[in-house]
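First the structure, which I've put down as structure tokens, then a few questions once you've had a look.
Here the chain labels run A, B, C, D and E in written order, and each chain numbers its own residues starting at 1.
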Amino acid sequence: ATLEDVQERGNLNCGVSTGLPGFSAPNSAGEWEGFDVAVCRAVAAAVLGDPTAVEFVPTTGQTRFTALASGEIDMLSRNTTWTFSRDNDLKFEFVGVNYYDGQGFLVPKALGVTSAKDLDGATVCIQTGTTTELNLADFFRTNNMDYEPVPIETNAEAQQQYLAGACDVYTTDASGLAATRATFETPSDHVILPEIISKEPLGPLVRHGDNEWGDIARWTLNALIAAEEYGITSANIDELAEGTNNPEINRILGTEGNLGEMIGLDSDWAVRAIKAGGNYGELFERHIGESTPIGLARGLNAQWTEGGLLYSPPFR
Amino acid sequence: MTDAAPATPLETQREIDRSHMTVSDEVAIQISGMNKWYGSFHVLRDINLTVYRGERIVICGPSGSGKSTLIRCLNRLEEHQQGEIVVDGTELSNDLKNIDKIRSEVGMVFQHFNLFPHLTILENCTLAPIWVRKVPKKEAEETAMHFLEKVKIPEQAHKYPGQLSGGQQQRVAIARSLCMRPRIMLFDEPTSALDPEMIAEVLDTMIELAEEGMTMLCVTHEMGFARKVANRVIFMDQGQIVEQNEPEEFFNNPQSDRTKLFLSQILGH
Amino acid sequence: MTDAAPATPLETQREIDRSHMTVSDEVAIQISGMNKWYGSFHVLRDINLTVYRGERIVICGPSGSGKSTLIRCLNRLEEHQQGEIVVDGTELSNDLKNIDKIRSEVGMVFQHFNLFPHLTILENCTLAPIWVRKVPKKEAEETAMHFLEKVKIPEQAHKYPGQLSGGQQQRVAIARSLCMRPRIMLFDEPTSALDPEMIAEVLDTMIELAEEGMTMLCVTHEMGFARKVANRVIFMDQGQIVEQNEPEEFFNNPQSDRTKLFLSQILGH
Amino acid sequence: MSDTHAQTVRFVRESMLPEQEPPLAESGVLKWVRENLFSGWLNILLTVLSLAFIWFVLSHLLPWFLNSVWSAGSLSECREIRDEVFGPDASSACFAVITDRWHQLVFGFYPPEFYWRPIVALLLFLAAMAPVLFAGIPRKALWFSAAAPFLIYFVLWGGTIWGPLAVALGFVVGYATFVGLSRFNALLATLGAIVVPILYWLFVAGPLAGALASVLPIGLTFVPSDDFGGFQLSFIIGMAGILLSLPLGILLALGRQSNLFIINKTSVAFIEIIRGVPLIVWLFTASLLLNYFLPPGTNFDLMLRVIIMVTLFASAYIAEVVRGGLAALPKGQYEAADALGLDYWRSMRLIILPQALKISIPGIVNTFIGLFKDTTLVVFIGLLDPIGLSNAIRASTEWNGIYWELFVFIGLMFFICCFSMSRYSIYLENKLQREHR
Amino acid sequence: MSTLSEPPKESFRLSMLIYDTRYRSLTIQTVAMILLVLMISWLVSNTVQNLENLGKDFDFGFLGQRAGYDINQRLVEYTSQSTHARAALVGILNTILVAFLGCALATILGVIAGVLRLSKNWLVSRLMAVYVEGFRNVPLLLWIIAIFALMTESTPMPRDFREGGDASMLFGSIAISNRGVYVPAPVWGEGASLLIGVFVISLIAIWAFRRYAHRRQEATGDILPVFRVSLALFFIPVLLTYFAIAFANGRTEQAILATGGEAGLTLTEYAESQESLNVCLIPGTTTALNLEKTLRGADVRYNAVPFNDEGQALEGFQVGDCNVLSVPATQSDPIIAEAEGGFAPVPLVETIRRGNALEFEQPYLGGFNFDGGIHLRNSLIALWLALSLYTGAFIAEIVRGGILSVSKGQTEAAYALGLRPNRTMNLVILPQAMRVIIPPLISQYLNLTKNSSLAIAVGYMDVRSTLGGITINQTGRELEGMLLLGLFYLVLSLLISGAMNFYNSRVKLKER
């Protein structure tokens, strides 16, 4: 089983994007960081006790699924959309959603385009092997418009092609667009069109068939979300882990009950996971939130208590 | 090319010492009813030949008559299809053990020497004793030096074949065979790739061997050599043994017309 | 290599028929004050030579003396820098038309034959007549067969050069030149790449040509040939013509010391 | 001989003429220029065109090169410096990216305190190839070549030394089996030499290494594969490919020469299939499919899988090169070996292969050059070779937008390596030709 | 001579399996076979086991499913509704296209560079040496990326071609932009079949003339100027026909009919008077081409309503599908005359040319991009150029080697026979050099074909990107997909090397 393999190996093989600012990118010291990366680190911390015990495998839109299916990676945390066929035909298990997203279009302001409906005949940069590629085909076909796809392997290349003017439009998940735009020299020269043409719930996934492992990933993610809900932060976690009078918090942090045991880990697995980078909110703020150059608003990704969609099942 | 006997310097050589050149009753090679085909080409036809230990046989005949093939059958470089060859009491069959045994007892010297160019002369000579006979290296080298002295080129031992003249190379080839201490030596036109001068060197060596009583089968057109050394000359044509006789008789009084014609050609220069 | 005249089989050949070998007054080649340099190396120095129609000139001299260069200047395979060469009334200059004209009237036979390996013997012989002389193919083939018969290998006409022996190849090369019906033939050591047997074949062919009165310049060290056929022998050294004379005189009574030395060497075998 | 021409002047030169200088037009610079650049209108045209082309290229490239900035922390800093020094519109290269990141381009993310390890590995590799590449070195050194892969592995990855030792021991076991059994029978020995080590590796090697490591922990700091990158990665993959594919390639070549139907056809099929499909497809196979073919649960890292694939790939090419060498040997060598009573493996090892390999060296070097260049393809399966690293560097905010400087640097490095190797192989070829004359 | 007694007939012993040369090879092969089968079954059983663990099966059914993605360059009909098999076919054709183009250009470059490298011109030969060594010693991938980058970074965007932009089209009809090169597309008009017929006939005539020339040379020895006559035959009849047809039908200009307006309006005025301009036309004809050109020239916005033939177009015009139509004068007068009811077409001031037998559709700036013409995408061009330049460098060495392999003696012998330099080249040097050149040349073709899979670096949609990329990714059928992909390349390679072996055995020099 994957859990044993990981524990025996002593590190977690985690598939991430080849480079999407804020989500996953190596810094100048060669360390991977970002919002998706943080999920991997949390899982590693929960399973192995060491958030750095992760081997990051950069994958492209095209290689990610085979990497996961072939066992090269233990989990994939790479802004991947949860779809029916990926779940059932490709035989993967999405363990949750860490970012609710939708597909958008990025265009230069100079083009004077204000709506995606004006894009008839445009040249569109698109990452191959993604849902966005399929959505794009459907969008233009149903709106009876023509376009010229420029298939591209990675976000970095897409950015370069887009900036060089080899395509008029760049389309991918709106979060990806925002992240990409943030690194431009003059982000204000580019706009993200108002239309969001699809639902893109992005989340980590594992292979079908190993439910224990899937559960660990799922509940690690849930622990991060729940931690935010209950106000557990990396700052106060040590204090809270001493015990509180909120039984839910206690169960999460392992001071009460034996949830850890139930998923085959020890009792303070969630403490480690949360400590690795903080709770969901902290991660969001640090990597992609409004204070970062990427500047994404919480929007749909706010807690359900704040009108968002984040809703962790109860730890009970 | 250089089959003109008078051109070789044998005439001027010292008298041959025939004292050791005795022929025993023991059979060294026994070929009976042997036939061989290349595809559908019948290259050797009904060969019967008995060679006694100590015999020195010269085989001659026109080009393509199967001389080389016959010689090569004797150590199984070629396979025969019919009949039987017994070398030194061992029958040549498909049995690998027998083949190995015979090969290590039959030495062969090729027209083109076939020395191993990447090994020194000494290594050429010690290779087979070390790996086949499993002789200790030191001993093998001593033997090798012994035979190199015999062929009169001990000073070349540490050179590579490429640095030697043709005649010297052929003498090394002979020494290499001798190092396996074979009981029978086969020579396939050992001198025909050489200049006249070098021919003399090699023939001298062969004569010495003959004097020591080695069983020898030699394909050659050096009639001087045949006259001096052989105790039987075999004439082949079209894959058959046409005539065999003692050298004097053979040269002076050939029986078959074919032989007469052949002799007239090669002695006619 | 085979400059040992006695070794060639010319001795035993039939008497040479010199009846046709007349020399006319007409000038075939006129070289005056010719100099040639390779870079700054002065290979040919002040060459003056007149060849009359029907003359058979043998050029000899030590290696590197410029014999080949001289011959090759005559059909402009090499360019000369000073002096004047008139072949068959046409001066050799940079004028392409003159060069073409001269080349189609001067045949050349090379030491290494230089047959075209991708063409059959017949095609080798008809190539130039068809493309240069614009002879109909059929006629060209007839001529070719005629000359192939003359050099005694008509049966090889449909083989490829690679399938022929050296002597046969050289004879094809001669036939190929003859097919252009040249008025002058140049031979550059045509036999020195051959075995003694094959040399005989080729020399026979050349002698036949000479008997028919062809103007020939031949670089060769076959002194037998020179004696029998040539009516002038030219000796070159260091790019200069050192001595020229009738063969008998030349061999028996050389004037210059240089010549004496050279003759003593090549006849000394 | 009455027909001798009347005018035939007997001529004797009494004194030899001195050598003269050639006429003026025939020497010196003038002649060179005339002959090499301006002979004939076509030549003049070509010269003019070439000059125009060279001028065009240089006029674009030279300012860029000459105005280059060598030290800056980011592209924008570079631009500032350019604006200051050369003026805002000057075309200027920003080689500061190289000075800033060269260690990444060369060593990837390998820990800087261990940079000596890849260097030692390279030296080990060179030492191991020496007996193969230089004919002059004693054949005994080949033993070192055989040991080198394990040493190199140990130096590069670190960890306990017992792992590679235990694996290496497998070959010793195989050889021992071969020697032991060949007293009984050569065929049995060959078979044993194949089967026993496999059993050993499957069942004994792992526990053995573990046990030894716990008893005697000798080793270097372990460096995981994903720290490997840059030219170091290209070199490792290329070197491993060549070093490991040599024995396999030789076996395949022998198989292809063999007249045993099944062995021959298997070798041919293997070689043709490998050579018929692009390397990139094989690399994808390595990264996507190799795990399908291995027992469930096996998982070893991508780099190792790539090395395996590249080794198989290179072995097919090496096999063809070696086959050429084998075919070039005269038949007499085989016959002489037979006549001396050497068996197949001995005649191959002692007589045929030493000679055939020597002839094949230029081909092997060329294969290596090709392989080395092809290592850049691993970028497509997510390994960080120089090109992959250049992408990563461009993805960082400091160097976003830089382009040509990285390409120029990478291209130049490859050029230097490949060009010198190809010169060596040409030198070898010429030498071989001279020797074979 | 003494005879030996017959040795006892050997019966079969087990040890003969090993020691008897007859059985030994059988034994070895059986053992090898067993090992091989064991190995293969081990691999297969692992695969089966792994697939089972993943809950996958081995099934090619995915090829029939809807692909769902678009491909920009398609040589056959394909939409996102087509199947994965179709997408694979599109990819295969793209691979073959770039391989073919690459081989052609690489050969040209290689031959030129190889010959020039032997040039006596020092400068040129040095320059070629730099080219050859530069490309041979730097990875192909780097060249592909660099050339692609050069094309996207240093060529103008389509919008730079607009007025005020700083780019302009080459010869007014070729646009080199960072999205690719747009070249005029041929459009066959009336009389095209005649033109093509004439062209075919002149090809036949060239062939016949060459035969005749050959015969005549054999018979009389005369050498006819084959090259010049062929050249003339190739161009002159076609050009004559072209102008003749142009004279016959291109001269007549035809009216533009419009409904709902008054006679005597210009296009612009008419357009202003109408809500929208709907134009009936038959796409792919020169008439439509010229009509659109006129419309664009007048700077009016219009919608094109496509029809299949003139009858339908007329009908559509009559029922009001469109309000503008252009037909030949012979038809337009009756239409106007026979118009009845509310249908009242009038001719506008402008007229259009009906067009020549062959016209070229120029690329023009549309909304975002160029429209019309043929679009050669950057990905194709970059891949094509890089493959050709890289392989060309290798071919140059092969060509140089081939020519050098023909000894100087051959040239000298030919000269000595009086052959001119160009004939010497054709009759003596080239035939020999070709034998040396062709085998390695074909293996270079093979390499180029395989290297075309580097299309991945520039996003060219070859078979690796469609079948081996997106399809695998969307369906998760990596085993099946890679297998098909490998098989495709293998078959292609075997075909090419089969051709090579065939050629080799044909032209081998005969030797003793």
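What we mean here is this: contacts are C-beta pairs under 8 Å (C-beta built on N, C-alpha and C of every residue); 3 or more make two chains touch, one makes a residue touch a chain.
Everything numeric in this text was worked out from a predicted model, so none of it was measured.
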| remark: One chain pair leads in contact pairs, namely D-E
| Quick one: which chain's Cα centre is the longest way from chain B's? | A
| request: Find the most central chain, measuring centrality by the gap between its CA centroid and the centroid of all protein CA atoms shown. | output: D
| note | Cα centre of chain A to Cα centre of chain C, whole Å, reads 89
| task | Could you give the separation in Å between the centres of chain D and chain E, each centre being the mean of its C-alpha atoms? | result | 34
| field | chain C-chain E separation of Cα centroids, rounded to whole Å | value | 56
| field | CA centroid of chain B to CA centroid of chain D, Å | value | 48
| said: Two or more other chains touching the same residue: where does that happen in chain E? | reply: 18, 24, 53, 153, 456, 472, 478
| query | So which bits of chain C are touching at least two other chains? | reply | none
| remark: For chain D, residue numbers touching 2 or more other chains are 288-289, 291-292
| remark: Interface with chain D, chain C side, in the complex: residues 18, 21-23, 25, 35, 37, 39-40, 42, 45-46, 50, 52, 55, 81-82, 231-232, 237-238, 240-246, 248-249, 255-256
| message | For a test of understanding, state which residues of chain E touch chain B in their complex under the given definition. | response | 1-4, 7, 10, 16, 18-24
| remark: Counting only contacts in the complex, chain B reaches chain D at residues 75, 77, 100, 103-104, 106-108, 110, 112, 114-118, 127-128, 131-132, 162, 176-177, 180
| request: Provide the residue numbers of chain D that touch chain E in the complex, in ascending order. | output: 35-37, 39, 43, 46-47, 50-51, 53-54, 185, 187-188, 191, 194, 259-263, 266, 272-273, 275-281, 284-285, 288-289, 291-296, 369, 373-374, 376-377, 379-380, 387, 403-404, 407, 410-411, 414-415, 418-419, 422
| query | Which positions of chain E touch chain D when the two form their complex? | reply | 18, 24-25, 27-29, 31-33, 35-36, 43, 46-47, 49-51, 53, 116, 119-124, 127, 133-134, 136-142, 145-146, 149, 153, 450-451, 453-454, 456-457, 464, 468, 472, 478-479, 482, 485-486, 489-490, 492-494
